[in-house]
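Contents: one structure, followed by commentary.
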Amino acid sequence: MEWALFLIFALVAAVAAAGMVLQRSPIYSALCLILALFAQGGLYVLLHAELIAAVHIFVYAGAIMVLFLFVIMLLDLRPESHPPVQFNRVGVLAGFVLAGALLVELALGVGPRIILGPRGPYDLETLRMVGNTQAVGRVLFGEYLIPFELTSVILLAAMVGAMVLAKRRLE
Amino acid sequence: MMDFLVATVLKIALVMGLVLLAVAYLTWLERKVIGDIQVRYGPSRVGRFGLLQPIADGIKLMFKEDIVPANADRLIFCLAPAISIIPALIVFAVIPFGPSFVITDVNVGLLYVFAVTSLGVYGIVLAGWASNSKYALLGGLRSSAQMVSYELSLGLSVVGVVMMAGSLSLVDIVEAQKGSWYGILPRWNVIPQFLGFVIFLVSSNAELNRAPFDLPEAETELVAGFHTEYSSMKFALFFMAEYANMIGASAMATTLFLGGWQGPLLPPVFWFVLKVFCFLFLFMWLRATVPRFRYDQLMGFGWKVLLPLALVNVMFTAAALLMFA
Amino acid sequence: MVPLWAYLFLSAFLFAVGVVGVATRRNALVIFMSIELMLNAVNLSFVAFARFLHSLDGQVFVFFVMTVAAAEVAVGLAIIIAIFRNAETVNVDEVHLLKG
Amino acid sequence: MIQYIWLVPAFPLVGVVINGLFGRSYLRERAHLVAVPAAGLSFLVALLIALEVVAGRTLDLHLYPWIVAGHFQVPIGFLVDPLATVMMLTVTFVGLLIHIYSIGYMHGDPGYPRFFVYMNLFMFSMLMLVLANNYLLMFLGWEGVGLCSYLLIGFWYEKKTATDAGNKAFLVNRVGDAGFLLGLFLLWTTCGTLQYAEVFARAAALPAPLTAPAVGGVSLVTWITLLLFIGAMGKSAQLPLYVWLPDAMEGPTPVSALIHAATMVTAGVYMVARSSPLYSLAPPTLELVATIGALTALFAATIACVQTDIKRVIAYSTISQLGYMFLGAGVGAYASGIFHLATHAFFKALLFLGAGAVIHALHGEQDLQRMGGLRRPLKLTAYTFLIGAAANAGVFPLAGFWSKDEILFAAFTTGHYGLWALGLAGAFLTAFYMTRLYCLTFEGPFRGDPAHARHLHDAPPSMALPLLVLALGSVVVGGLLGYPPEHGLVHQFLAPSLAAAPEAAGHASAGLLAGLSLGVAGAGIGAGTLLYLRWRDVPELLAARFQRAYRLLWHQYYVDEVYWDWIASPLMRLSAFLWRGFDVTIVDGAVDGVARLLELGSWRVRRLQTGVVFNYVLSILAGAVLLLGYLVLGR
């Protein structure tokens, strides 16, 4: 059962991701990415990370991708109909080759023989007892409190930056 | 395993059936209510009190010609109505209608609801885009900006409730509202969280794209906004999505702020439905009386009034909880 | 139970797809989406590791990645809009601002 | 309460932050609404703490480790003992009054909020200086007050003379601070700590390494104290580093009152008293301190006799009185020195504020020769000023009498007869110039601009209140704290914080000596009265008769000119030479050369920067592949 679900989600994610890269139209790329993200949310649930799954959908599908769609619509980007003027074939080829090399290396690196370090205290039983949300909350607001607070600075900076950028024309 | 599956499927079927039926008759109810408010009759020809009107409408819509504009993006054009209605329906998976009458009680139920409802915007945005029409595009753009903006205050307005219940599970949140203060006042969140309640109502109204926040389909400016080019059953799906969302929002308001199914004597489901109908009536009433916002007013109101208020509410709730709990 | 390496393989594949997107596409928005995909691939392996190491640190890291991603999208899209206003294009080949 | 000592400097700091952030944009003319309560609260807390200290509690509070670098550890910490309490009370009380006074005095000035920022910052720094429990934190306050002094002297920065005066004060103080820093270095290498408690414990318990003859046959502690005293010379305007203080009068008058009379310039005296356990181990330094003090006292007094700028006269008087304090400390009577510091804070602040009221009334006129006859229109100012002048002159039973007399008495009984004679001569001159100052300002006919005569008005309430309070203090503080001499309240209170005074070497009747100094003061007052009230043409005749001496005094012994010719201009010539010869050719040449070298080396590599994002991405990717390849396959 679990394998079946995993395979379904993985397949959807992989195909959708590939589709995102291969689609000509940016809006189809975005839709493919949304699909891939959904599949990934399913994988999170399989991994018993319900909170992450919900937040993942909420943030990525609910906010980030809407923003992408918004920009695509705002700029009215229709599919690239005409062939590119100066298509850099060598460069694209190099990109594919390098990405392939990266994939091979990563796959070699993460084979079944991967060794895990010492285990933490949060096995499934504990999680079920404490509750996934509560456990994550405790770690987030305990051990990682200061980094968490710092992220607010990042968000603030991004907010200010986005406003400044969107308001004024580039010189 | 099989029992569980069968029970779940039965529950799903029951809930979906009820919701769809409710959606159909909600259109009738709305026309009636608004008719009354405007001193008209509303539908009255088909069946007694016009009770068969929704069915007649449904049949009519089904047999209309299905038009897809020539320059439209066919796939997305067809997909958009479906994307619109699916989130509106699957929200009901976690809403507790009664003590044990819930399809599934998820640990992160509230987050699930928000995650799912935030997807509703795709239907509208994609419809606007795929129609390849100026009005539709503008409607879609407005809609995405509006929904992203009001989602923030919507989310923040319920943080107080979550803090008081200490859980994201909707069942837990309802349970936390059991009992009463001083024997008379029900222990409903609407009393300590009144500010949050108001913000929730206003923001959810905006999320529903209903008057006075119906900018995406503002007839006087954009013909019909995102669904200008839609007809037949596709059009009907958008309509159903809107009403299903309305029920969903009312159910959420009931669950979060009015103690869900809790109530004396009568069966819980009755109380739940009663409260939901109160909210539905409120939404209709709003539509009938309040004029539409201007676009800049809408944005200013969301960012400069609701969002700060919601933050204040969160802060006060936290402070109060720290002091008294 | 699905073993860890299965998740990691998937994660690696998604990451590589993202890399392909960044390296071969010329539409700034699509490049941006590819970057998001890469971030998510990493997130997946974080969560997988968290699950198999019985630790929540991975999940917490995912939160941070999401925060950074959100911030990045806000700024990045603003930049793209600003560029589009100036150059009337989102094609990275036609934008040479980095050349002094 | 005492553990909340950090509140005392914290309030002014909060004032600085609020006024610094919002003063210019929002508070503007309301800046005092923040600054004055900040000073007031600080004083209130100080008062409450002082009550506990009087009841016998002291505290050495380590608040926070400030610097931790190996063995070098300095905390942020406060030492609350009687000495610090006296200083803290003086600073906060006088500071509060002068803050109130400034509301009226600075009213309408475009830099109103800025002024209060500096004033509060000064209060904070000064309180850090006196409350610190280690030398480095004291140095922080020391530099902080120096900075505030610089900023406030140059407060009216549109005026060239003001900025020049600020620069001068800053530079002269640097000379002193260099000595102070060297002293701190030496102290740390010797004791391995800068905490008062540990330093003094080491000085008391294990005297050998400190007092044994070291460099040049002189013990280390002597070197340390000497170097520290150089710092005190700069800060407290002693010979030969006093030159900045008279020029510092370019600042607003409340600044002169607070910083350049009542508090900051006494920091040197405080430092010597605070380090009294060290100084008591170094008799040669003490002799030097006493000698410099006595010489400064007389030297400045002579100059004060002929100056015609009202603030300058008081400034030289300040230098002179600081000399007395050092004389007291130098002969081992630290308590008397601190006592004089406290009383001096009252009457000197009073004199400055009175002078400020006069200047305010005359629309900025500072020349004594254009004043006169102001007693009638400025009644309150005149009488309070008279009290201040009399207290400064040492009239019984006002504040100055008790403390100055004690210092002279201590000088005599420890056998420093020569210094005592110098001090006595100074006392005569003090009485003389104070009388002269009062008479020229308030008696006789009005010699100024007739246009001003009609608009003369007394001080507004916010300026009058501090005058009255300070006048009251100048009357009672001396007797209240200082009677009986040597065993008064202040001495008993201070005793635990200070090194014991040396045994009396000579025997003398206290009454006789007190009578003598009273007589001297009386003579000075008499002479002043005769010359400036009765025979008004005599001073000019005298000046003409002794023209050379008069010129010498008038030009302040040409010290500034000497410094300029012998030190400043040779230095400037050297700098100009180094700039042209060394800086331009060698340093700039080297920098330019490096740049040119890089340019030569990089003109080919530059083509790698295509500006196309795509190329950058590919190279990043290639790098990642290589790195990962090494990690995965390399082992």
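As written, the chain order gives the labels A, B, C and D, with residue 1 at the start of each chain.
Going forward, a residue touches a chain if its C-beta (ideal position, glycine included) is under 8 Å from a C-beta of that chain, and two chains touch if they have at least 3 such contacts.
Given the structure is predicted, the values throughout are model-derived calculations rather than measurements.
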Legend entry - Comparison of A-B and C-D by number of C-beta pairs in contact, larger one: A-B
Legend entry - Inter-centroid spacing, subunit B versus subunit A (mean Cα positions, whole Å): 28
Legend entry - Centroid distance [mean C-alpha coordinates] between subunit D and subunit C, Å: 62
Legend entry - Separation of subunit B from subunit D, taking each centre as the mean of its C-alpha atoms, in whole Å: 73
Legend entry - Centroid distance [mean C-alpha coordinates] between subunit D and subunit A, Å: 64
Inset, instruction - Specify, in ascending order, the residues of subunit D that touch 2 or more different other chains. - result: 614, 617-618, 621
Inset, instruction - Provide the list of subunit C residues touching at least two other chains, using ranges where the numbers run on. - result: 19, 22-23, 26, 93, 97
Inset, instruction - Specify, in ascending order, the residues of subunit A that touch 2 or more different other chains. - result: 51, 55, 63, 67, 72, 74, 88, 91, 94-95, 98-99, 102, 106
Inset, instruction - Report the topology of the inter-chain touch graph, choosing from line, ring, star, complete and other. - result: other
Inset, instruction - Within their complex, state which residues of subunit D touch subunit A. - result: 614-615, 617-618, 621-622, 624-625, 628-629, 631-633
Legend entry - subunit A contact footprint on subunit B (complex, rising order): 73, 76, 106-108, 111-112, 114-116, 118-119, 121-122, 125-126, 128-129, 137, 140-141, 144-145, 147-148, 151, 167-168
Inset, instruction - Would you mind writing out the residues of subunit A in touch with subunit D in their complex? - result: 88, 91, 94-95, 98-99, 101-102, 105-106, 108-109
Legend entry - Contact set on subunit D toward subunit C in their complex: 609-614, 616-618, 621
Legend entry - Residues of subunit A that touch subunit B when the two form their complex: 27, 31, 34, 50-51, 53-55, 57-58, 61-63, 66-67, 69-70, 72-74, 76, 131-133
